[in-house]
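Input: structures, listed below.
Consider the two complexes below, in which chain A is the common component and chain B and chain C are the respective partners.
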Partner chain A sequence: MEAFVQYLINGLAVGGVFALVAIGYVVVFRVVRIVNIAQGDFLAAATLVFLWLMNAHAGLVVAALGAVAAALVAALFVERIAVTAGGWYDELRAFLLTLAASQLIQGALLLCFGTQYLTMPSSAPPIVSLGNVHFNGIYLLVIAIVVVALAGLVLFLERTPLGWAMLATADDPLAARLCAVPVRTMGLLAFAIAALVAGIGGAAYGAVAIGSWNAGTTLSTAGFAAAVLGGMKDPIRAAIGGFTLGILQALVSGYAASYLQDPLTFVFLVVVLLAPATLRALRRRRARPATVAA
Partner chain B sequence: MITRHPFATRLALIAGGALIAGLSVTAVPRAQGNAPYVIGAVLTISGSGANFGQPSAEAIKLLVKNVNDHGGIKGHQIDLRLQDDGGDTQRARAAFAQLADDKSVLAIIGSSASPASLAIKPIANDKQIPDLTLGSSPLLSHPPTPYVFQFPVPTSLRARALFDEMKRRHIAKIAEFVSNDDYGQVSEKILDAEAKRAGVALVDIERFDAMGASVDSEVTRAKSKDIQGFIVFSADPGSALVAKSMVNQGVNLPAFADSPAVNPGFLQAAGESASHWTVVTTKIDIADLVHPSDPSYKAIQALVKLYPADAKPNHFSGTGADAFNILIAAIAKAGPDRAKIRQAIEDTKGYDGVTGVYTFSPDVHQGVGSEGLELVTGDNGHFKLAR
Partner chain C sequence: MTARRPWWLLALLPAIAACVVRTPYPLFVAGTIGIDAIAAIGLAITLRKAGQPSLAQTTFMAIGAYTASLCELNLHWPLLLAGIAGVLVAAVSAWVIGAILLNLEGLYFALGTLALNAAAVAIFKNAGIFGNEEGLQNLTALAIPGLTPEQAPAVVAWLLVAAGLGLAVALDRARFGRGLRMLRESPKVANSVGFDPASLKRSAFTLSGAYAGAAGVLLAAQLSVVNPSLFTLVNSIALVAMVITGGEALLGTVGGAIVIVLVHEFSRSALQYAPVTLVGGIDLIVNGVVLIAILRFWPRGLTSLATLFRSPKRSTPASGTIAPARPAPLDVTPGTIAIAAHDIGHRFGGVYAVDGVSLAVGAGEIVAVIGPNGAGKTTLLTILGGYHAIQRGEVDLRGMPVEHLPAYRRARLGIAATFQHMEVVEQMSVRENVLAAGTREAGVDPALAAVDLLDAADAPVSELSFGQQRMVELARVLARDETPRVLLMDEPASGLSQPERVALAEVVRAFAAAGTAVVLVEHDVAFVAGLVDRILVLDHGIPIAEGAPQTLLREPVVIDAYLGAAAVLA
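The block that comes next holds the complex of A and B.
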C-alpha cells in the first residue's frame, strides 16, 4: 500500500507536466487545427531557461518569467513557420512544419546550452513524509500549479470576450471572421497561450526534474497521447489524460518495469484512438439483430 | 499556399538552415605549401549521443588548430573533415564510407558511441582505412580486426573498479540501474559478471529510460528490497535522474556510477547527497588533482591549456584527444599511407595519454588498461578523489 501511494504521488507530479503539454496541444489544435508536435520543445526550452536563471541566482520570479519568455519565442517561431508559411488549414503541411520546427528548436537549445543538462541549484528539497512514504514537497506545488493553470485557462475561455472570440474562431473561423473576429490574431493568441502554459510547465518541470536540450521529444509524445484522450478539444479532459498517463507510467514502472513506459504511452495512444470506433462498431453489431427482426 | 509574410518566413527558414549547417563542420587548413594531410572524423555531435561526441569533437578541433599553429605534421597542415552522424548508424555508415572513398583521407576517428562504431567497423576493414573508434563495446576489438582500434577504457575495468570499492566497504547487496539503450544493455552483462566476481548480489535490476521524466518509482521499488547501495551505468542524464529521485525520496544509501556522471549537472542533481556517490572516471576529470609524477600528467596539462578559461575538457574529450594524438604520431612516423599508418598505430607501445597508457599489438586493438582510472566523489559542488 505504501508503495502504491508513493507511485501515485510520483505519477501525479510527472502527469501534471504531461497535462500542461496536453493543454498546449489542445489550445493550438482547436484554434488553428494544427497538431503542434513542437509543444514539448516549448516546455524543454522553458525548463532550460528557468534552470539557467535559477543557477545564475536570478530569483524565482525572474526565472519563471524567463521560462515563459523562452517558450513564447519558441512558440512565435513555430507560429510563423507553421501557420504563416504552412497556411491556415493546410493541416498536413503545417504538421510537418511543426515537426521540422521541433528539430530546429532542439538544435537551437543544443547550440545555446550544449549537451550539459541542468537541475535546480543544489539544496535539500522539502521532504514530505506520510508514514513510510517520502516525497519532494515541490511535487504538491506542481500538482497545484497545474490545477490553477487549468482553472485560469477555462475561466479565460469561458468568461472573457477574448476567450469567446477564440472559441468562436475554433468553432467556425469563417463565421467568426464575418463577426469581425481577428482570426489570425486568435491563432497567434492560441500559440501565446500554449507558450504561457509551457512556460509554467517548464518552471514546474525544472523544479522536480532535469532540463536537457532534447527532453522535448519525450514530453511531446506523452503530451500528445494525453491530448488525444481529451479528443484534442477539451483542456480539462486533456489534463485528466495527462494525469492518467503519468499515474499509469508510474504504476507500470513500479510494478512491472520502467522500460515499458514508452511502449505504454503508445499503447495508451492506440487504445484512446481506437476505443470510440470500436465501441461504436460493437454497439452497431448489437443493434443489428433488432433491426432485422423489426 | 498563403505567404503573407514571405520575408519573415524566409528569414526563419534561413535561420533554421544556418542552425542545421552549424551542426556539420569542416575545418579548413590555413597554410599553403605542402599538401595537407586529411583526417576524417565521424562523431555524434547532435542527437542522443551528443553528450559523448561533442566533447570529443571539441578536443579534436582544438588539437588540430594547435598542431597547425605549430607548423602541422612535418610541414603538412591538417585538414579535418568532421562529420556529424547524429547518433544514427545509417548516417554514420554513409559518412564513413564517403570519407573512406576519398583517397586523400588518411584515417578516420569515430564514431562516438558503440552502435554507430559497430556499423562502421566492417567498412573500415573492407576499405582498408584505419578507424580509431571512441565506442566502448567489447565487440569493437574482441576479436581484433586489422583496421579498427579502440580507445576508451573498457567498461569491464570501470565496473571492476567500482565493485572492488564496494567489497572494500563491505557492501554486499545492491540495486543496479542501467539505461534502456545499447550502452545499458552491454553494461548489464558486464556488471553481472563483475558483481559475481566481487561477490556482490544484484538484488534488483532496473532498466530505465535515461531521457525519461523521472525514475521515482524505480527508486521506490529498489529501496524496498533491503539494499545497501545503488550502481548506475547509464547514458546522460541517467545518473542525475537516479540521483534526483534519491534526493526526492530522501534516500541516502551509497551509490556508484560510471563516468558519464562526472559533470556539473550530476552534482547539482545530487545536491548534498553527492558525497554518497562514488564515480569511476579517468584522471582528466580531476585534472587539478593529478600529481606531476603521474604518467598522464603531461598529456592532461597539454590538453587543458588548449581550452579557454571558462571551458574544461572531460573524460570524452580525453578519449578523443588520445585517439587524435596517437593518430598524429602514427602519421608523422609512417607518412601519408593508410596501411603504414595502421601499422604505426598497432606498433604504439607505452604511450602516456590523457586517459591512460596505450599499448597496441596485432592481438590487442583495445589499447588502454585501468591505470588511468580514478574513483571520485562529490564534495561541495566539486569532485574530489574518493580516498
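The block that comes next holds the complex of A and C.
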C-alpha cells in the first residue's frame, strides 16, 4: 500500500508533465493544424537548461526563466521552419518538417550537453509524511504547478479577447481574418504558449526526473498519446490523458520493469486511437439483429 | 512513368564494381548504401506509393536481423536459411502490425509507428534474449568463394538492390501500383472500381516489411554484430530522408540512399578525431538539415532530374482507326429489377438527410432523382453505392442483400459510379485513370474514343478542361470489361458544354440499351426530361412524387417544391 501511494504520486508528477506536453500539441494543432512532433524536444531543452542552471547555482527563478527561454527559442525556430517561411504546407510535409526540426534540436542538445544525464543538485528534499508514507515534497509542488498552468491556459482561452481570437483562428482562419484577427500572429502566439507550457513542464520534469538530450522522443510520444485522448483539441481531456498515462507508467515501472514504459506508451496510444472506432463497430454489430427484428 | 526502359538494371553497376575493387573502406560504404537502399525502397512503397509515412522501418530491419542471428546462434542454421527466416518473420510482423496500425489515417499512423519504434528499441535493449545494449556478437560473416570478406556484403547488397528495385518497379506498373496510387489520391475512385483499400495498404506494408527484413539480415552479415543502436529513430528518419530526397521514382530512392549515406560518411570522416557525442550530434543535424532542405526547396527531389533524360514525347497513334466503345449487352430481360432500395433512412447528427425512401430500378431503365438543394439526393446515391455505412433500410442488388457490403465489394458485383465532386486522379495520365481494376489495356482506347479523349490519352488529367475531366470519369465506366449492372451518376451534366451533354446522353442511353440500370441525380431538369424513363422527387429527404417526366413535372406539388411558381417546362 505504501509503495502504491508512492507510485501514484510519482505517476501524477510525471503525468502532469505529459499533460503539459499534450497541451502544447493541442494549442498548436488547433491554431495552425500541425502535429508538432518537436513539442517533447522543447521540454527536453527546457529541462537541460533548467538543470544546468540549477547545478551552476543560478537560483530557482533564473533557472526557470532560462528553461522558458530555451523552449521559446526552440519553438520559434520550429514555427519559422514548419509554418511561416514557406506558407502553408500540407499536413504530411509540415509534420516531416517538425520531425526534421526535432532532429536538429536533439543534435544541438547533444552537442551542448553531451550524453551525460543531468539531475537536480543534491540537497535534502523537503519530506512530506502522510501517515507512514513519506515522499519528496517537490512532487506535490510539481502537481500543483501543472494544475495551475492548465487552469490558467483554459481561462486564457475562454475568458480573454486574445484567447477568443485564437479560438476563432482555430475554427476558421478565413473568417477570423475577415474579422480583423491577425491569423499569422495567432500562429506565433500558439507556438509561444506551447513554449511557455514546455518551459514550465521542463522545469517540473527536471525536478522529478532526469534530463537528457533524447528525452524529447519519449515525451513527444507520451504527450501525443495523451493529446489524442482529448481529440487533439480539448486541453482538459488531454491533461486527464497525461495524468492517466503517467500513473500507468509509474505502476508498470514499479511493479514490473521500468523499460516497459515505452512499450506501454505504444499500447496506450493504439488503444486510445482505435478504441472509439472499435466500440462503435461492436455496438453497430450488436444493434443489427434488433433493427432486423423491428 | 512514360519510359519503360529497365533503369533498375543500373543498380547492377555497383555490384560489378564491387567485384573489382579491393579497398575495404569504399566497399564498406558501398555495402552500407546498398543495405540502406533496400530498406529505403521498401519504405518508398509504403510512404510514397501507399501514402503511409512509417517511422518504424528500422524496427522491421531489427526483427529480420535479430531473427536471423538468433536462428544462427541458437539453432546453428546456415546463413542463407537463417536469412530467409529473418525476411519471413519481418514480413509477418509487418502484416500483423499493419492490421492494427493501418486503421489509422496519415499522421496518426506516423505517430503510431514512432511509438512502435521507441517500444521496440526499449525491448531490444532490455530483454535478455536480445543481448541487451551489446546485442548479439560473433555472427558468421557473409562468405562467397572468390570474393574477399569485404567484397561479399557489397556485391550481395547491390544484387539485392537490383532485384528489389526490379520487383518494386514491376509491381508499381501493375494493377497493384495503380491501385495504390489511386487510393492515395482518391479513396473513393479506388473503391468505385473495386480496389479493396485495406488489403492494398496491408500488402504494401507487408512488402515493405520484407524489404526491411532483408536489409536487416544483410546488415547483421556485414557487421557480424546486431545491437539496438543500429535500429533507433535516427536511423528510421535517415531512411525517410532517403525516400524524400529520391522523390516519386523508385530509382530516385536509390539515389537518395547514395546521397544520404555519403553525406553522413563525409561528415563523420571530417570529424574523425572528434569525441563520440559530436559524431552522434552531427548525424542528427545532417538528418534535420537534409530533410528541411529537400522538403522546403526541392520537394520533387532527385526524380525531377529524370526530365533531363526523358525522350521527347512520342506521337499518339492516329485516332480515326479506333472504334468508340459501346457497352456489351448484358444477358438480362429488360425491366428485371437490378437494384432495389427499401425504406432508406440516414441521419447526419440530428437531421434526417434521407427518410423512408424506397426505389427500384429495372435493367435498362434510366431513373433520375431530383429535388432542391439538401433534399438528400447525393446521400441516397452514396448509400446505394456503399460509400456511407447504412443506418436504416435495405439495398438489394439483383435480389441479393448488399447493404452491409463495403463499396469495393459492391463495385465488383457490378455497381459503377461517377461522383458529384469529380473524382479523378490529377497526377495520373488519362489512360492510367481509366485503366482501373477489372479493365484490360485493350479496353482503354475505345472508351477514350467514345468520349473524344483519345488525343489526350497520355496527358496528365490536370491539363484537361473541367468538362473533359468529367468525361474521364465516364470513360472509366465505359472501359470496364464487364458492363455494369447498375450505374450511379451524381450530377453528371454539371459544368458540361452542350456538345459534351449530347455525348453524355448518348453514353447513358447506350448503357440502358445494354441492360444497365441507371440512377442519376441531376439539377438540370431539361436534360433529365429528355433522357430518363422515370423521375423520383425528394424534398427534405422525403419522397414527394414519382412518375414519368412528362406528367410528373406538371404536378403542383413538384412545381411548388422544386421548380418554383414559374415553371420552366411548359
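Basically, the second predicted complex is superposed on the first by the 285 of 294 C-alpha atoms of A that agree within 3 Å, B and C clash if a C-alpha of one lies under 4 Å from a C-alpha of the other, contacts with A are read in each partner's own complex, and residues count from 1 in each chain.
Methods note: a residue touches a chain if its C-beta (ideal position, glycine included) is under 8 Å from a C-beta of that chain, and two chains touch if they have at least 3 such contacts.
Please read all numbers here as calculations on a predicted model, not as lab measurements.
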Partner chain(s) touched by A:L111 [first = chain B, second = chain C, both, neither]: both
First (chain B), second (chain C), both or neither touched by A:I81: both
Chain B or chain C, by number of chain A residues touched: B
Partner chain in contact with A:Q261 - chain B first, chain C second, else both or neither: both
Touched partner set for A:F135, first chain B, second chain C, both or neither: first
Chain B versus chain C as contact partner of A:L96, first or second or both or neither: second
First, second, both or neither for A:A3, with chain B first and chain C second: first
Set of chain A residues, in rising order, touched by both chain B and chain C: 81, 85-86, 93, 100-101, 104, 107-108, 110-111, 114-115, 217-218, 257, 259, 261-262
Contact footprint of chain B on chain A as seen in their complex: 3, 6-7, 10-11, 13-14, 17, 55, 77, 80-81, 84-88, 90, 93, 100-101, 104, 107-108, 110-111, 114-125, 127, 129, 134-136, 139, 205, 208-210, 212, 214-215, 217-219, 222, 250-251, 253-254, 257-259, 261-262
Of chain B, residues touching chain A in the complex: 1-5, 8-9, 12-13, 16, 19-20, 22-23, 46-48, 50-51, 54-55, 180, 206-209, 211-218, 220-221, 224, 236-237, 240-241, 244, 247-250, 263-265, 267-272, 274, 381
Complex interface listing, chain C residues touching chain A: 51, 53, 55, 100-101, 103-104, 106-108, 110-112, 114-116, 118-119, 121-123, 125-126, 233-234, 237, 240, 244, 276-278, 280-285, 287-289, 291-292, 295-296, 299, 389, 392, 404
List of chain A residues in touch with chain C within their complex: 35, 37, 81, 85-86, 89, 91-93, 95-97, 99-104, 106-108, 110-111, 114-115, 217-218, 220-221, 224-225, 228, 257, 259-263, 265-267, 269-270, 273-274, 277, 284, 288, 291
